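Chain IDs A, B and C follow the sequence of writing; residue 1 opens each chain.
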Amino acid sequence: MEIERKLQSMGLALPSAYTAPEGLKLPFAQVRRYGNRALVSGHGPLNPDGSLRSPFGKVGAEASSDEGYQAARATALAVLGSLQRELGDLDRVAAWLRVFGMVNVAPGFTQTPAVINGFSDLILELYGAGVGRHARSAIGVAELPFGMLVEVEAEVAL
Amino acid sequence: MEIERKLQSMGLALPSAYTAPEGLKLPFAQVRRYGNRALVSGHGPLNPDGSLRSPFGKVGAEASSDEGYQAARATALAVLGSLQRELGDLDRVAAWLRVFGMVNVAPGFTQTPAVINGFSDLILELYGAGVGRHARSAIGVAELPFGMLVEVEAEVAL
Amino acid sequence: MEIERKLQSMGLALPSAYTAPEGLKLPFAQVRRYGNRALVSGHGPLNPDGSLRSPFGKVGAEASSDEGYQAARATALAVLGSLQRELGDLDRVAAWLRVFGMVNVAPGFTQTPAVINGFSDLILELYGAGVGRHARSAIGVAELPFGMLVEVEAEVAL
């Protein structure tokens, strides 16, 4: 439980599982494990209770690039929470492989890599440059579910 | 051929292979099989003859959320058609792994998960909660090829 | 070094590694290798020195579909450059698996497959229809980093 200890020493807690808005079914798995692969569904930033974390809207309009960075960091915690529930122990991640970062952008906001750095920085801080090493994209999308600022889909090896 | 039988009992038929617009080359495979993995190209909703299925345009403008749901369900049939042609038998899918759902959205349409449920619901209905279990994202994109309402890229294990 | 020889005989050179704008950290790997998989980060079109290649902006506004095609072809060279630096020899690619093509689109530009053909055509020219065979999506996104015309994320097997 080394990663969990690091999180604690950094004063970071993992949020509860995402709770969908009333009336919405989410007929998929937050993490799909198969063999030594774990495919991680698109996650957004969460509050400790599993509700979506504000602000909502567009980075470059309703939210600043720095708020986007913080949202991406919170998204990393949400992903780690899902992995923790699936794997029992975050040390079971043998390698981060792929991080696909999507930013809910206002027209003309092109600094999407700086936003998704909030995700990558935390993963590297926790897992180091070896296990934490990942391929990444960071794009601007037209809309994200419920107006989330950021969404990240990922894959890790076990 | 259990999945094919289920489809038949539900009154569902798989569409023919997608036929590109005249003059457009599509230099890629609808399904790329490698080892026990099958990577599925982005598919959209098709008519039985393999032509793109209307309506076209934006969910939240030219089309309703429910029409988007139906388009996502038709997209699942198109994907199953491609898998059937590649694998010969849809029972050869050992596990659904990843569903990446893209919705052609009008500004402000953020109910993308409800749309992509049209895809997930059919997969789960056919394959059940074990084999059908998948990781998923459901995002809103700026444009899709030829104005399709929905596009889904996927990966399954064999 | 057969692929490198083909590139040379076609008069094509691989660009240097991408150099991020001053002050921007890019805390991820251009290629993440794990087992026999190589996951390729989102790449854009580069100049020979590794700087981003103009034009910038939207396909369908600041740039034509043909300029988009050329950008996608240049993006393939950038990806091959990263793979060459990671693998030492481009012949080590045993199979192209997945090409995820993103086009920075003006509203209403839906000919994204024709743009991403610039990537697929070059891969098939170099690797042939067996090794080069890939699954693909080609979508229109709201924004790409720094206004690049095209971005491609990929996976290959080794």
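As a working rule, a contact is a pair of C-beta atoms (placed from the backbone, for glycine too) under 8 Å apart; a residue touches a chain by one contact, two chains touch by 3 or more.
Since we're looking at a predicted model, the values are computed, not measured.
Under half of the residue numbers found at the chain B and chain C interface occur in both copies, marking it as a different-residue contact.
With rounding to the nearest 5, the Cα superposition of chain A on chain C corresponds to a rotation angle of 120 degrees.
Inter-chain spacing, taken between the CA centroids of chain B and chain C, is 25 Å. Within chain C, the positions touching two or more other chains are listed as 100, 141-142. Per the touch definition, chain C reaches chain B in the complex via residues 95-100, 103, 105, 107-114, 117, 120-121, 124, 133-142, 155, 157. Taken together, the chain A residues at the contact with chain B in this complex read 20, 24-32, 34-35, 37, 39-42, 100, 102, 141-147, 151, 153.
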